[in-house]
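In what follows, chain A forms one complex with chain B and a second complex with chain C.
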Partner chain A sequence: MLYELAQSLTSGLLIGGALAVLSVGFSMAWGITHVLNVAHCAFAVLAAYLGYWALNRWGIDPLLALPIMLPAFFLLGVAMHTLLIRATARRAHDLGLATMVLTFGLGVVMENGMLLAWTPDPRVLKTAYSALTLRVGPVIVQAPHLIAFGLAVITIGALYLFAERTFMGKAVRAVWQQPMGAALSGIDLDRVTTIAYGMAVATAAVGGVAMSLLYTFDPATHLSWLVYVFLVVILGGVGSMLGSALAGLIIGLIIGISSVFIPLAWNNLVLSGLLIVLLLLRPQGLLQR
Partner chain B sequence: MTHHTSRRQMLWAMLGAWIVALTVGACSQAPAAPAPTTAPAAPTTAPAAPTTAPAAPTTAPAAPQGASIKIGCSLPLTGAFADTGVWVQRGYEQWAEDVNAAGGLLGRPVELTIYDDESKTENAVNLLNRVISVDQADLLCGGYPGTAAAAQMAVAEKNQKVYVSMGGHMASFSQGFTYVFGAPPLMGQWWYEGLYGWLASLPEAERPKKAAIFTINNPVGAAILEPMPEELSALNIEIVVNERYDVPLTDAAPLVTKAKGAEADIFFANGFFPDSVQIVKAMRALDYNPRLIAQGVGSIIPAWVQELGADGYYVFSGTAVHPSLPFEGISRLNDVASTKYNAPVAPIYFIFGYAWMQALQRGVEGAQTLDQTAIRDWLKANQISTVAGTFTFDERGLPPSYNYLTQVIDGKVELIWPPDVRTKDPIYPKPAWGQ
Partner chain C sequence: MLHVEHLNVAYDTLQVLWDVLLEVREGEIVALIGSNGAGKTTLLKTISGLMKPLYGSIRFMDETIAGLPPHDICQRGVIHVPEGRALFPRMRVIENLELGAYLPAARAQRHHMLERVYRLFPRLKERWRQDAGTLSGGEQQMVAIGRALMAQPKLLMLDEPSLGLAPVLTEAIMDVLAQLNAEGMTILLVSQEVQQALDIAHRAYVIENGRIVRSGPADELRADDAIRSAYLGL
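== the complex of A and B ==
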């Protein structure tokens, strides 16, 4: 029992990191720019495919491809915000709802584009470290899990430092907390929200690569990944980077613990119950920053 | 409406969406949960090689004449099941091409109309109604996957139209329908028939002793799991872990640690491709190497070997059709798949599609009419041959239970059981990971 618990907790915790990094951009986009980007995970799956392609076409590890993908996804996000989101915002009565519909359509287009490009066949990322493990006492830590967790720590840590230590980061926080006040202080709302949105899409690339280290993927996978993202954002609090990190870890831990003590099929029941209670008691989520 | 209220509503909506997604995830792969099996204890025999199946035409027959026989159905040509749905479509089209080249059906050309149901069951039902009432098709072709087929079976029965398909496991054939046929069916309850047969052939000392069973929490998994306790008990294999899991499977490590902790030496992963890949990867990472791994419906698709490589080797599974079976017409389908579609062999759903249409063809040719009741009665009273084997049907439209045992060996899905179709000797016990 002790071995099962330790193994499941370790594995769950590391997976929680991957869920957190997948979700942080979605949370940021919603919290800061009020854009409900349900295509967020389609961007993540696109990154997973690009990583897979880099590995199988050119032998470049997806982690090494990330420095190229990050600016590309950032620019993609900037372009999307400039061309689509702002135009929608000018006309929409309810930005959240309008962007949800807009990005849902975008997600469908992206899914079909990926179907054409890569077929519906499911893919498994096989890197040089896919089968590597690290033994800590009786517990075995899988290298891909550890790397995905590391990606989460680096990405969320960098985002946090950006928000806390840089002028632009502080502007982003100001826009998140009080847009009107930020505008009155001379902050260019369009510029800040566009940059924040670009960063959110760039984190989707990291999340996609992290998830592809752990899970199989195909063009339709973005919908099941979005399920995890919903979970993390509800628990962590909309717009909160640290909330996403904490929520991801909590979800991983709950899955790990409940898998040992109750039947596996009850995992989602436990999570659903927890979320209902949380929404009733603390609808703003665990953290507010 | 304030931002705060709006956001709160959105969060509740998200929670609702999450719960719906879980429900849909559990139900989207197959029809309603199977009813208790009422299958008669038919002997487990694989279909015999046909003796009367026509080969591809070698001499130019008379061209079909007269008005076309209209055949209609829907298939998932886009969406979640499109990859296999397209192969069923290709099987149907190949059959139509072959029949027309051989002089037609009852001397008339056949004309296929296949609608795209976008992998949605409700579309499949609406489109079959359209095929029957608007298009007034003479014959129906079957839908795919099990969810769509099961829903369409009710439509076909209501309209008294013969409907040949994979069906939706035993539950769909236990409704008292008389116009439906599984020729062959894809039957979860029969999935490990070949495995049970092969295990029974081993000396008891060589059989695994303890089984860990993990089953996807949906109707396909339920269908596969249903006969397992009884079958394993008959083989003196004790079930030490028996759990179901929801998809998407977040973490496979708890499953594997439970099986490892219980020292199970036969591991059943009754799931689909994504969850089974996770499980196999976790088994390797956690250094759990049972004597035998049996997998549900994920390991017989090409992606298993392409994507998992050697880690996916030695896994046992089941199938109702296979490109190496010795039935007439299979080798030609392999050639067609290779030349037309650049596939190494005929994919399983290509063979399924072709076989279902052949079954319908046999009924029409046997009855010598397009009268649906006459076709149904002829099929129930006669033996038919297809590229999937020779079948007779009981009152439910099912052949006697059968399934072949497969094992992935050196990157190929080999036939292991029954012995008369064996393409390679099984590798058992499973070698250590990486060997």
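== the complex of A and C ==
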């Protein structure tokens, strides 16, 4: 029992990393650009398919495909923000609500596109390291889990350094904290917001590849991932990168522990219940200062 | 340097500025005074591009700037210290200052300018690591002015920089403005501290209900009976 718990906690923690990187961009987009992108996980599933495709078509590992996917998804985000979201922002009073409706439609379109391209059959990513394991004391760590976690650490770490150390990163935080002050300091709000949004969509590609290392996926999977993402972002506080990281790990641990005590099928039920309780008790997020 | 002519501005359907005429010449301190709700903030916001005029022209150094976005106007050297300061509260003092020098031209000079800001406000050098939101009102105003200076203004516009500050601090801020002006900075100052503003200003405009009702040399307005009873409480 104790051994089983240690095992579940370890894999839960690693899964938590994947959830964190899946969520961090959603949180950024919502907090900084006020876009509630419910198609975020559709982008992630698209990246999962592209990684799968790269591997099975050309024998390129999804991890190696990521450096190409990142700029592509960034540009996709930039285009989406420039063409769709800015136009919506000019007309809408409540940008969050308007973009939620807009991106819900986009998510449906993307899901159907992926159904046409890749059928509804669930896919399992089988990489060269899928079956590799690592023994740490009594605990067995699966290589894909470790890699997904590593992707999360690198991505969130890089985002954090960008925000804290670079002029552009500071401009993004400035726009978030005080748009008028930012505009008066010479920051082009449209440009900075679009860049932040592009980065948010780019992280969805990392999140999708990380998740595909851990779970099977099909075009409809994005909705169940979205439940995780909402949970992480509400818990971590909208817009907070470190909040997403911490909340991802917490949710991962909860998934790990609950897998010991309750049947797997109930997992989503427990998490959705948790989301509702969280919204009732602390709608501003647990970790928000 | 700055020419505002026939400026009309509205919030949706509520017009608040009517046919405003105002000029700031190079090297001047110009004070803009008027009671609550007269339209002072709206005028500065329109000059800095936060609001679009209904009608009228704004020219800065012989170029039309009316209707341009704020970052563009900022790049031309018109820097606005807004009412309420609009600092970045969860960023350090130093980060607030550096962001003032966001545009490339200012960024290249930022170390030099930072020295100058620290010389004007030694307090900020002591507090450089602190989040701006944790500072006192007076210190926050120093950050706001410092951030504006980092942008290397040709025209510095300040909206009630002494609002809510103790008299000593108000005086200190006015001294800094006078000193900046002595070094060549052109300033447009909105202030409730009419006496002190007129003391450092060369010329002044009086705005009432969205219209400029008086203008002239600061001494002349200070000696005017109507101004004395309406704004100086004498």
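What we mean here is this: the second predicted complex is superposed on the first by the 258 of 289 C-alpha atoms of A that agree within 3 Å, B and C clash if a C-alpha of one lies under 4 Å from a C-alpha of the other, contacts with A are read in each partner's own complex, and residues count from 1 in each chain.
The rule is simple: a residue touches a chain if its C-beta (ideal position, glycine included) is under 8 Å from a C-beta of that chain, and two chains touch if they have at least 3 such contacts.
The shown structure was predicted, so the numbers you read here are calculated from the model rather than taken from an experiment.
J.: Determine, under the contact definition given at the top, whether A:75 touches first (chain B), second (chain C), both, or neither.
T.: It touches nothing on chain B or chain C.
J.: Who does A:87 touch here: chain B (first), chain C (second), both, or neither?
T.: neither
J.: Regarding the shared-chain residue A:277, is it in contact with chain B (first), chain C (second), both, or neither?
T.: A:277 contacts neither chain B nor chain C.
J.: Based on the superposed arrangement, let me know which partner A:128 touches: chain B (first), chain C (second), both, or neither?
T.: neither
J.: More residues of chain A are touched by which partner: chain B or chain C?
T.: B
J.: In the overlaid three-chain picture, which partner chain does A:262 touch, first (chain B) or second (chain C), both, or neither?
T.: Neither: A:262 stays clear of chain B and chain C.
J.: Look at A:153 in the shared chain and tell me whether it touches chain B only, chain C only, both, or neither; answer first, second, both or neither.
T.: neither
J.: So in the complex, the part of chain A that touches chain B is made up of which residues?
T.: Touch residues, chain A against chain B: 1, 3-4, 7-8, 10-12, 15, 34, 36, 94, 96, 112, 115, 119-124, 126, 130-131, 133, 140, 142, 214-216, 220, 223-224, 226-228, 230-231, 233-234, 238, 252, 255-256, 259-260, 263-265, 267-268, 272, 275-276, 279, 283.
J.: Which residues, counting only chain A, touch chain C once they are in their complex?
T.: 167, 170-171, 173-174, 177-178, 180-189
J.: Taking the touch rule as given, give the residues of chain B at its contact with chain A in the complex, in rising order.
T.: 1, 3, 6-8, 10-12, 14-15, 17-19, 21-22, 25, 78-80, 82-83, 214, 217, 243-248, 250-251, 253-255, 257-258, 261, 273-274, 277-278, 281-282, 284-287, 302-303, 306-309, 311, 433-434
J.: Can you list the residues on chain C that touch chain A in the complex?
T.: 48-50, 69-71, 74-75, 79-82, 85-91, 95, 98-100, 102-103, 106-107, 147, 151
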